[in-house]
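The following blocks contain the structures, represented as structure tokens.
Two complexes follow with chain A in common, the first pairing it with chain B and the second with chain C.
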Partner chain A sequence: MGFYEAEKTHRVLSIVTAIAILVVFQLLMWPSSVSAEQEAELPDDQCVRCHQEMEILPEGFVPHDVHLQDGLSCAGCHGGDPTSDDEDAAMSPEAGFVGVPSKSETSAFCGKCHSDIEFMRGYLPRIPTDQIAQYATSGHGKGLAAGDVKVAGCVDCHTSHGILPASDSRSSVHALNVPHTCKRCHSDAEYMSGYGIRTDQFEKFAESVHGVALFENQDTGSPACNDCHGNHGASPPQVESIRQVCGHCHVNNMLYFNASTMAVAFKANGFHACEECHGNHGVKKTTDDMVGVGEESTCVGCHDGDAGYRAAEVIREHLRELVSAYEEAEVWRTEVHRKGMDDVEIGFLLQESHQNLIKARTLVHTFDPEKVGEMTTGGVAKARTALELAVEQVEEYDFRRRGFGLATIFITILIVALFLRIRQMEAK
Partner chain B sequence: MNRRGFVSLLLGGGILGWLGAVLYPIISYLNPPKVPEANVQTVKAGSASDFPKNTAQIVKFGRKPVILIKTNNDEFLAFAATCTHLDCIVQYRGDLKQIWCACHNGLYDLKGRNISGPPPKPLDEYAVNIVEDEIHISEMG
Partner chain C sequence: MDTKNPMVRRAYSWIDDRFHVTPLVEFMRHKYVPVHRHTVWYYMGGVSLFLFISQVVSGILLVLYYQADEDSAYESVRFLTTKVKFGWLIRGVHSWSANLMVFFVFVHMFSTFFTRAYRKPRELSWVTGFVLLALAMGFGFTGYLLPWNELAFFATKVGTDIAGAVPFIGEPMKIVLRGGEDVTGATLSRFYAIHIAILPAIFTVLLSLHLLFIQRQGMHEPQYLKRLPAEKKQMMAFFPNFLLRDVLLWLIVLNVVLALAVFFPWELGEKADPFAPAPAGIKPEWYFMFMFQSLKMLPAHVLFMEGEVLGILFFGLAGLAWMLVPFWDIKKKSGSKLDVMTGFGVIALLFIVVMTVLGYLL
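Let's look at the complex of A and B:
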């Protein structure tokens, strides 16, 4: 090996060694780099520095807490002097240190900022500032005011040092997490003993139409606990307010019910509007059999042989007639589609027919057979037109198949005839 | 009938049948279907100047209904007309300047966002272009 080759080998080895050292160095430094990055997210003040060194940061303390992220450090809530490294001076009453509030002091503690619209405007201009006032009217707030420290306060739902905005899916008050947050207390039979409140709400809700939409379909438009009971002003809806609560989303159902004679009777008897037929936490997906006089009917609970009983029977019959016409036409539409024929117009007609069915089901809340009947008659007519079109398409398909078969026969005959004619001509 | 006659009959019948088999599909093809082709990218929706302000109409976009709206500012907007709640066809409410679903009183604003009632999601938006006074609706993106 000459000098040139030896020098070349030496240089290559040097470069490889340098790269290897750099890689090892990076690997060794990596965990502390990440840790430095996490530390960088924390406010650089004396409170964090000392509490971190002494490993006495509060439980659940996370750097992505919304207050820390907005530059509001420990002293922002607890007071004190975050610049002093003297523990006694930093955490002295003279420095404004208030320490950890008691349960009964918590709402006022958070309310110092959250009820101050001028202050909050600097951070979240659109955030409401009536949470504490609402809380005072809630079952929780009233309980706390009466000295019951088992009720939920701000930190029980929002946490203390890991608070995230409700829009953050990691937040304990995000729409998908609210039922789990409420469940922590409300499903604990031992904790809830003495309140006279059931503890099966979560289980019922999880199986309900709302719960399935929320948990399984991740549909945050579906109501969680707070959408019916309120957030900070959480309380059970009263008899008068139940239909307003449900009517917030199910608007037409509420309007029809309010205008019906049934609303008057319900009020006179102290019935709970929607809840009487649909239940509350375990509200199931409705079926047509809930109307009528069958086993699953909710009408027969009160009506037996009277005008209401007969009305329920007629309404059920109207619905059955439309469902039957729609389903028959839908089967034919599927057949048209399967055969590769034109089903566009049939699809539009069936969509309109289905729309009539949905409207008729909503009109059930008028408890008026005539109104329901008017809607179902229109739907049946559309379904029948769709059925006629579908039958035409299927017949056209069959005609084309027969035509194709005939054409094949004719062509075969033509070929045979030509063959025979050619033989005749050759024989001449 | 002699053999020659039979063969001629066979040949004539075969030619007639063959002509029928060829001509029927041609005539069927020349006679257009009642509705346009199902898979469409763009549909024409008539004259922009003839479309009254603050009104809407449902346009068939292939298999899907689309609601075409002309605002008071002569702006054209188009959205999927199928309500995201239970698939009813939505309508335009000129009095509210909003899109309304009659089935459960769901409301959408003029950006297609669900703003009231049970609809869980916004309506899909369609692009509207005016080419020489003719309205063209096409899928976004």
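Let's look at the complex of A and C:
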């Protein structure tokens, strides 16, 4: 057998072995995942028994449903007598059977329990009970009250028979799944026609800095739709509230903006605060070029040759100076590290310098060149000290080599002298 | 006393009157080293001794700054290597000469083995030499933990776990070594005490005995040289000829150690975090690698025994047999081409080399 044939045989054997291992692994895993599904116990009552036998369980029925698991069976919501095996008697109005609520009845249907703090306290003492009240103020709630049954009701987001807590990653309202839940209607151009609302929010959001953090990095700290628009009281943020919405996370940016002269001008012109420069659903990762007078600047959209234009230019220059000093020092720090020299203190200084850069970028929202300049000057000083230390370390590195060279010359002279001495001694 | 310098003569007389050193000088004057094609191996012991002296000197300097405490060990080593003038050099010399010392002790041992220098009357030189190697490895094991960095911490955990697998005495031995159930600050102070007090004390006694035996018995001559008449043997005076050659080699080794310390500074790594998961690539020092790799390659169970226990027993017995080689030595039969002891030596050497290489490759 030639080398290549042997290699091929070896490869085929490896693949077969890998498949065999996978099959065995799957077989071993299969019973446990099936049994995990079966672990969710269903309430032992007549409703479940008959509906299971007749195979007419409701659409989207999930045994893990939070209500079922907390012992709230069919009759808990739909009424009726769960002890009777007589279909007519069990589902009679006399037994309290209310059947399937209509869309407009849904919020009141769920609200029977969810708006009753006395009742809810028995299950989740900290659960809010104002969802129905909030819903009534939302765009959805108002639409429904006006007779529009296309708007979202409780079950459209939460499902009806597969409800899971929002903390459960399988839930339709889990942070990672919320955008997909909203998308079902809001990205459907046909469904949304007539509302005058755009349908590209999801696409824009998915590419935004928030969307990337949420979907790609699975960072549930990043905002989903409900974090800006609200949950049950969902509505678009208004001019007045938009900076509060962003400021909920970006606190300092909001405080600086609110205290700035720009806030007054924005209000007077009816500008949408943060959204005006950063956009909304498609908000991108900010760059320093957003400030200044360059092509990517957002300032030049309003300012041209005025004091604001000049301020933007100065702020950009301050940031450029600090970034440049920081990056130069960072290159030297890498060199120091590569040479195996001490970069600990340099690293600390650069951390502080970078902290200054972050703060200066936040201070951009004061639109005050002096405040930004004060912060960048501090950062530049730290970066320069770091650079000096790095240069010292590189010089020390060279000094060690020169020192070693001298020591080697000295030792070599000794070796040669010894060698000659031995030869001289043995020649006698 | 040969010198014509009156000052030196007077000084010598002063000392000789009090300590009677003339017999010792005469002994040195008449000490000769045989010259033959294997003479080069005689220098290996001297190099090991020189590296041990470097260890002692650099170790004493390190002790001036080192703090054997869980919270400050790492910081003290970092301070020493970054802030103290030439601290980096001292640590580099200590680390590199430690490794070179173990290497030269191995070379010294195998050269002694292959030239049969362990045979009568040098059995005890061999036994003390072997124990000195074991102690040198003990120095390495205990010293490795002292900077309290991530790799050392987990390597010590693995190392003491292996010690804990020794049948019967393993568990108590592990607890004594660690100063408790786990590797903690107590282990650090314990290893420090072993490294700078207990091992040096034992090592000094055994090294003195080893040197005394060599001085008393002289250098071993190969078999073919013994058979030659005295006038055909080539000899070299130990003092000063051999000693000067020794010093010449020591200077070369010193230069190599300095070069290694300058061009390959010993890394400090990250500070040990007992709560962090073990990092990838935990490896013991290279001289433990052949044992570590063998234990790794053994199956979990061999017949009725755990693989690891079997491995430890094997190394224990093999080490004991190696130490007692002079007492079960199999002599080559005259006319026979088969030399059993050379075979054993080659197998042992190949095993160590192959397992060490595999340890770094796999």
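The working rule: the second predicted complex is superposed on the first by the 380 of 428 C-alpha atoms of A that agree within 3 Å, B and C clash if a C-alpha of one lies under 4 Å from a C-alpha of the other, contacts with A are read in each partner's own complex, and residues count from 1 in each chain.
Please note the rule applied: a contact is a pair of C-beta atoms (placed from the backbone, for glycine too) under 8 Å apart; a residue touches a chain by one contact, two chains touch by 3 or more.
Predicted, not measured: the structure shown is a model, and the values here were computed from it.
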Which partner reaches more residues of chain A (counting touched residues only), chain B or chain C: B
Which superposed partner A:D342 touches (first chain B, second chain C, both, neither): both
Chain B versus chain C as contact partner of A:R401, first or second or both or neither: second
Chain B versus chain C as contact partner of A:R170, first or second or both or neither: neither
Contacts of A:E426 with chain B and chain C, given as first, second, both or neither: second
Chain B versus chain C as contact partner of A:R198, first or second or both or neither: neither
First, second, both or neither for A:L418, with chain B first and chain C second: both
Doubly contacted residues of chain A, that is, touched by chain B and again by chain C: 342, 344, 403-404, 407, 411, 414-415, 418, 421
In the complex, chain B residues that touch chain A: 3-4, 7-8, 10-11, 13-18, 20-21, 24, 33-35, 38, 60, 62-63, 65, 82, 86-89, 102-106, 114, 116-121
Interfacial residue positions of chain C with respect to chain A in the complex: 78, 81-82, 88-89, 240-241, 244-245, 247-248, 251-252, 254-255, 258-259, 262-263, 265, 267
Chain A residues within the chain B interface of the complex: 213, 219, 221-222, 249-253, 255, 342, 344-345, 347-348, 351-352, 354-355, 358-359, 362, 403-404, 406-407, 409-411, 413-418, 420-421, 424
Touching residues on chain A, where the partner in the complex is chain C: 340, 342, 344, 400-401, 403-404, 407-408, 411-412, 414-415, 418-419, 421-422, 425-426
